[in-house]
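Structures incoming, each one as structure tokens.
Note that chain A is present in both complexes that follow, paired respectively with chain B and with chain C.
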Partner chain A sequence: MTEIVADAGRCVGAGQCVLTDPDAFDQSDEDGTVVLLQAVPADDEALKRAQIAVEICPSRALSLTD
Partner chain B sequence: MTAPALQTTRRCPYAPPDEHTRIRDSDSGISQVTLPSGQVAWAMGRLEHIRAMLTDPRFSSDRRHPNFPRFTREQPAFDLMRPSLIQLDPPDHGPARKAVVGEFTVRRMAGLRPRIQQIVGEHIDALLAGPRPTDLVQALSLPVPSLVICEQLGVPYGDHEFFQRNSSALLSRTTTPEGRRQAVTNLRDYLRELIAAKTADPADDLLGRQLAQGSDPEDVLSLAFLLLIAGHETTANMISLGVVTLLERPGELAALREDPARTLPAIEELLRVYTIAEFANSRVAIEDVEIGGVTIRAGDPVLALSNAANHDPSAFDEAEEIKLDRGARNHVAFGFGIHQCLGQNLARMELQIVFDTLFRRIPTLRLATPADALPYKNDAFVYGIHELPVTWEDPA
Partner chain C sequence: MAVVCVEKVAIVGASLAGLAAVRALRRQSFAGEIVVVGAEPHRPYDRPPLSKDFLTGAVTTAGLALSPDDEDLGADWRLGVTATGFDPRTRSVRLDTGEVLRADGVVIATGARARPIEHVGVHTLRTLDDAIVLREALRQTGRLVVIGAGFIGAEVASSARKLGWDVTVVESLSTPLSGQLGTEMGEIVSRLHGDHGVRLLTGVPVSGLTGTDRIEAVQLADGARIEADLVVAGIGAIPNVEWLAEAGGLAAVTSVPGVVATGDVTGSQHWTFAVEHPATAVASLLGADPPVARAPYFWSDQYGVMIQFAGHRQPGDTVRIVEGDPEQRRFLAVYERDGQPSAVLGLNQPKLFTRWRRQLRSVPQEA
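Up next, the complex of A and B:
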């Protein structure tokens, strides 16, 4: 099952993932880094959004497991 | 063989110089150019290469490195201020960015929406009450983002003419080295005094909160300088360029007015096609790196031809076309990597509110000067329009 992996240590808080899918991603109020709300994409549409989020994340903090 | 001088004049307002397109479409996508400083730099034009370069720690953002690409003849005035966020490499960069990025989250930006809507509404009221034609740059494009960043930082807006004058001098290619140094000094002295006042009397604004969390006042000064300059002219230029583009496409503008969900994708496309801060993605190699079959040596200056990359046909279908519903967000208009624009979500929201409100409130808005006769900023480091005369009909 595909799962989103977020590395808050690499994250620079650009918020691109939140813009892509606010149901899956949030940002910490303290330091703006990624907070995963939904690690497993619920359907194909959510998976597509996750793939976009991975592609456009500027700090390469997101990945998908196989 | 001497490397050709870097061209900076666009073929048209949204098309990169032919030289940049040629470099992008060459076998390697990378070529050497001579900068105005006399430095010979690698210029890369493909999106894939630029994204790789900007996420590779072997390329440094340290502007104090003697080989960092320079677009002026003089050395920047490093003695005047400490390095700001955009000049820091890991491991210094991460903690510095995390100390402030909480101020720019998507949620925090949404919280600013009502106030920005109010500011935009008031400026459109004033525009409608004033003479026709009028210059939209002075009436709307500049004052809205200026007022927003001033309020956010806690800088008195009453002093905006002072910022405007000095930041324009800083960003103009025609300013003398002495003039540029003076502009930086003026802004620095002003901000240093303001920060001293906030240290003595804490304020609940971005600068006040940075001081309250224990940041060194001299680091807060560098941050304030960066945010003020970056938040001032860039959004203003995108507002003006966006208004021209939308007015030139009445069919698509009508669709946008019908369905506000179309505005954000349209903004992404405008960001992509104009790439106003196209040379902000510069670095210096600190190790040997191979990209596109070319070996870049440690110490070589590197330049991302960001606008050419944002028109890269291998990354975007019909890349030369403006497609307001394209919705592609893999462009590098806000940069890429750890330095990607801190204020990008503020910029998106300001543009969204301005376009939605302006075209709803003034449906008959039109250019008072033909689009191809407007004074575009080929003479500045950030692309835009100096003056944008518009007019409109009385409401029926």
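Up next, the complex of A and C:
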């Protein structure tokens, strides 16, 4: 089962992931770093969006595990 | 939409846009052969940290890798190989190894290079190799003069200041970043230099450099002379299109079916364009529907302040602060045209920025 892993320590709060999938990602109120709403993509479309979010993250704070 | 049957794609350029093109091809279910040609000897690496955490030592070369070791994209990476010519009619790329690489589809992603100033002791920063040399030069401290107060120049100034250098930034424009942010916001953002003990001299072009064995000083048009132990020039970039000259240049070759361009070579200098646009370029190559394009976005980190900008600002747009206080260097500003938001700028306002940026997406954008 694929899971999204977010490293808030690396995150710069660019918000690219939130724009890609607002159902899976949010930003913290304090410093704008990533908050995972849905770590396990529900279907293939959600998985595709997660892959895109990983690729377009400017701080490379996101990854996928199997 | 007369698209040739695509079985083999050549991607010329192995940086962010080239890598994004490979990934987009695979995501768009392209199962054919992919050859990637890269002039630099390195696997795709992340450039934004080069002027920031890489210079200060917080990130090492290994930390810059863009593609995990286990990522298998099924591409043939030809690194350290430069494209020297192109025949768009046969989609043949001539390489400096003497080979000719022929493909059904060609993605031009050769990027851009730093505009140089040829003088001893003057550095530019664009590639990993540039950054390694500059990082070494910054090991001792002294007097640094940065020519150009754009984003690269400002980030280098910020990093060098952090390392203990005495830094002066010189800018020929009367307001730094006015082209990107407008005069009012450019002025506010450029105050960050003074906040952190960096001198900013604006509205004066550089007239010359002195020193024969090593750099001694930067000479300004108003007669001022600034002593320097090291100079970094951040004065723009030149698209790498010389290899297309014989074929008529970039516009001519991309008018041919089966040839597309993406990334910095197109004149854009934005990271997000280089990471997002390849999917659109590749879709047109494969005859597929392009993904939805977003408004341009860029960010910069200077003196610990996160600067974010998104949208299509044009001269004449009005700008107003909607949250925070410029004096605190923490605010959100919205640019408007005909009563509609055209762009948004945030300093240390990441969450609010994303909320406004999302609104921009619903505004129709010209292509």
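Just so it is clear, the second predicted complex is superposed on the first by the 66 of 66 C-alpha atoms of A that agree within 3 Å, B and C clash if a C-alpha of one lies under 4 Å from a C-alpha of the other, contacts with A are read in each partner's own complex, and residues count from 1 in each chain.
The rule we apply is simple: a residue touches a chain if its C-beta (ideal position, glycine included) is under 8 Å from a C-beta of that chain, and two chains touch if they have at least 3 such contacts.
These numbers come from a predicted model, not from an experiment.
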Partner chain(s) touched by A:L36 [first = chain B, second = chain C, both, neither]: neither
Partner chain in contact with A:A46 - chain B first, chain C second, else both or neither: neither
Shared chain A contacts, counted only where both chain B and chain C touch the same residue: 12-16, 18-19, 22, 27-29, 31-33, 52, 55-56, 58, 60
Chain C-facing residues of chain A, complex: 12-16, 18-19, 22, 27-29, 31-33, 48, 51-52, 55-56, 58, 60, 63
Chain A partner contacts - residues on chain B that touch it in the complex: 54-55, 94, 97-99, 101-107, 329-330, 334-342, 344-345, 348
Residue ranges of chain A in contact with chain B within the complex: 12-16, 18-20, 22, 26-33, 52, 55-56, 58-60
Residues of chain C that touch chain A when the two form their complex: 20, 23, 27, 46, 48, 66, 68, 271-272, 275-276, 294, 297, 299, 301, 306, 308, 349-351, 353-354, 357-358, 361
